[in-house]
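Same chain, two partners: chain A is paired with chain B first, then with chain C.
And then the complex of A and B:
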C-alpha cells in the first residue's frame, strides 16, 4: 500500500448540498492521472481531501505513504499543489515567494526556478496583486515545480489560460514525468489537455467515481457504431451498449466494450465504426451512469 | 515549533511591516500631540485609541480574512504544515505584529504620563488598564477572525470589540477605585486596579487559547 503515491479507499465527505461518496483512487509512481468531471462533480473536494485541507467523514487516505490528514505536514514536503483558484500572498512579489520557498524546501532548485521564470515570461519583482490570472497560475506552478516534488496535485491548472500558456504549462508537466519516480494527479474538465498528457483516467460525476482505467483502454474499447437496417430486420440482443439512438432505419450505438465479436453480431448492416475521443467517451460515460442511477 | 511555522511568523512580520510601522509611528505622534496641552491631550488620546484599534482591525482583516478571500489560504495550506501549525503561525505571527505597535504606543503613553508635568501620574493605572484592554481586544478580534468562516461574522466581531472600547472607558473610569485617584499626583495600585487587570488578562488568555483548542482541530479549513 505504501509504495503508491496516492491511495484513497471508500472516502466519503458530506456537505449540505453535496456528497462525495465511496471514492477510491490509486496513483502509482511515474503515472499521470487525469481526473475528469463536470463542474461540481467533486474534483476539487477530492484534491482538497488529499491535501488535508478538508477531512473525510469516512474512508482512508494515504499520500506518499502518509496518513491524511493526520500526517499531512510530512506528506506535503513532497507534494506540489496548484489550483486555478490559488493566488500568491498579497503585498509580496514573486521573488519574495521564491526566497520563501527556498527557505522551506531544502530540495528547492534555484536554477530550474530561474529557467521557469524566463520560460513563463514572469518578472520576480512583480507584486502578486498585479499578476494576471495566467501569470498567477504560472507563478504557482513555478513555485510547485521548482521544489522538485515527488507528487504534483493539480486542480484545473489550465483553466483560464490562453492556448500558448496552456502549451507551456503542459510541456512542463511532460518534463516532470521524465523522472519516473514522480507522478501527477491532474483534474480538469478540459479533456483535450487530459487526453494529451495522461496515461490513466478517472471520471467522476455527482460525487462518485464512474470509471477509472488506462487512457488507451478507454480509447480502444469505446466505439460509436452506425448501422443501417433494412425494413423488417432487427438486431439481436447486443451486450455492452451504453447508448442507442434511432433515426428511421439508421441506428447509432455506443459501446464501452468494442470487439470484433460485437461487430460480427451486427452482421453486414454496420456502415461505420468511429473511434471516440476522450470528450465523447467522457460525456457518454457520464450520461450512461446518470441514467443507470436514476433507473 | 516547525521551521514552516517559524517562517510563517516571520512572513506575517514582513507582510504587515507597513501596518506595524505606520501604527507605531501614529501612536507616537498621537502621544506627542497629547503632550501639547489640554486640547492636544484630547485630540492625541483620541487618535492614539483610533490608531491601536485600527491597526488591530487591519491585522485581523488583512492577515486572516483577506488571505482567505483572495485565495492565498490555499497556497499557505499547500505548504508542509498541519491546520494546527497554520493556526499557531497566525496567532503568534499576528500577535507579534500587534505587540510591536502596541508596545511602542503604550510605552509612549506611559512616558507621557510619568514625564510630562501637566499630566497627573495618578492616571497611570487607568492608562495601563486601557492599554491591556486594547491588547485583549485585539486578541478577541484575532480569535473571532480565525474562527469566522465569513466576512459578515468577522465584521460583527470587529463592531462588537470597537463598541467594547467605549463601554470599557465609560465603565472603568467611574469605578471608585479608579476614578477617585485618576487625577491625583501619584498612581494608586489598589484592589480595583488588580481586579480589572485580572479580568482583562483572563479574557486575553481565553481568547488566545481558544483557537489552539478549537480552530486548530477544525476538520475543514478551506
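And then the complex of A and C:
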C-alpha cells in the first residue's frame, strides 16, 4: 500500500533542440507535488513521459506500480490527466463528454460530476465551440476529477483561469487530498498556488531537475541576508552562499542553508535577515544552477 | 463539504504576511485555545480536513500541529487525533503569559499616572472586589 505513486529514475529523452536528462522524481500517496519551471524547461515532456505518450530513451518510470510505457493501459485506469491545452471536442457538449466517460469508466461518479458542474458554474448542454478558455479548462478538470482517479497529473491546470475560478479549482484539488491514498502532481509557473498547496516541490530548468524537497524545507533554509560592512572590514569565507551582491558598503547574500552559525560568522554587521517566498527561491535557485553549469 | 469550509473560516492565511503559513495557523489556533473557544480536551480537526478546509498543503498543517504539540498546547494520541491539552499544561501557560503582559502594561500606566506601589495594588484589589460583586 505504501508504494510510491510515481517513480522516475535517471530518465532521458533527446529531441533535436532539447534534451531532458537524468530526471528522477518520487511522489508518495497522499501528497501534492508542485512541478515548477520556466517555459521550455521540460515540464510537459516529463508529464507526457509519465503518461506513456512518449517513450524515454533511457531510465525507469513506474506509475502506480506499473512500468511505463509497457503497462500504461493498466496505470491509466487510475490516472486523471489534464493539460491546459486540452479542449472538448468541437460540435459536442460537456454533457456528451460526461456520458462518454461514464460509459468507459466504471468508477465514474455521476453525483460528484453534477456537484462539480454547479461549483464550476458550467452548463452541460452548451456547445463546446462557445466555451471560453477557462470553461474548457474547468470542463476537462471536471471530467478527470469525477472519475475519482488515485493519481491526478495536471499540466498547468490553473493557466487561463481567473482568480475566482482558480480558487474553485484549487479547493477541489485539496478535497481530493482528504483521501490519503490519492495524490496529485501538477506543473505550474504560478508559484503562489504551488507554495500554498504543495507538500513537495520540484524545480526543473533546461531539462534537468534543479532541486526537489519538502516545501517547508525550502522555506526554512533559504534566506536573504543584508549586511553593512564598515570600510576596511571583510567577511570570512562563508558556506552555502548562492548569490553575493555588493553595493559599496552594502552586501546582499542569498543562502540555501541558513543557520544561526552562518549568521554568527558575519558578526555584528548583519542588518536584516529576510525569509524568501517560493518565487524568489525558485528564481535564485535556477540562476545559481545556470551559473554553475556554464562554469 | 461546504460546511467544513465554513467551520474554519475564521482561520485566515495572508499571502502578504511575511511569516510562514504554519506560524500564522499556529497563532490563530493558540488564540482560539486562549479564548476558550476551543476548550481543553476538544478534538482538533484532522490534519487532512484542516488542509482541505484552508486550501493549504498537508505538510504545512502537520508542521503547525507538531510545533503546537512540542509547546504543550495540544496533545496528539496516535491513531486518535489531536486534542487541546488540559489546562495546567498549555492553555494555563498561555493565560499566564497574558497575565504577565497585562500586569506589565498596568505597571507602566501606573507609573505614567504617578501612582505609588500601594495605590496600584489597591486598584487591583478594587478590581477583584468588583469582579466578585458581578
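The criterion applied here is as follows: the second predicted complex is superposed on the first by the 293 of 295 C-alpha atoms of A that agree within 3 Å, B and C clash if a C-alpha of one lies under 4 Å from a C-alpha of the other, contacts with A are read in each partner's own complex, and residues count from 1 in each chain.
By definition in this document, a contact is a pair of C-beta atoms (placed from the backbone, for glycine too) under 8 Å apart; a residue touches a chain by one contact, two chains touch by 3 or more.
Predicted, not measured: the structure shown is a model, and the values here were computed from it.
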| item | value |
| --- | --- |
| Partner chain(s) touched by A:58 [first = chain B, second = chain C, both, neither] | neither |
| Partner chain in contact with A:233 - chain B first, chain C second, else both or neither | neither |
| Which of chain B and chain C A:246 touches, first, second, both or neither | neither |
| Which of chain B and chain C A:103 touches, first, second, both or neither | first |
| Chain A: partner with more touched residues, chain B or chain C | B |
| Contacts of A:14 with chain B and chain C, given as first, second, both or neither | neither |
| Chain B versus chain C as contact partner of A:79, first or second or both or neither | first |
| Which superposed partner A:292 touches (first chain B, second chain C, both, neither) | neither |
| Of all residues in chain A, those that touch chain B in their complex | 48, 51-55, 69, 72-77, 79-83, 85-92, 96, 100, 103-104, 128, 140, 144 |
| Of chain C, residues touching chain A in the complex | 1, 5, 13, 15, 18-22, 48-49, 51-52, 55-60, 63 |
| Of all residues in chain A, those that touch chain C in their complex | 30-32, 167, 170-171, 174-175, 177-178, 180, 192, 196-200, 214-216, 219-220, 274-275 |
| In the complex, chain B residues that touch chain A | 2-4, 7, 11, 14-15, 62, 66-67, 70-72, 74-83, 85, 219-222 |
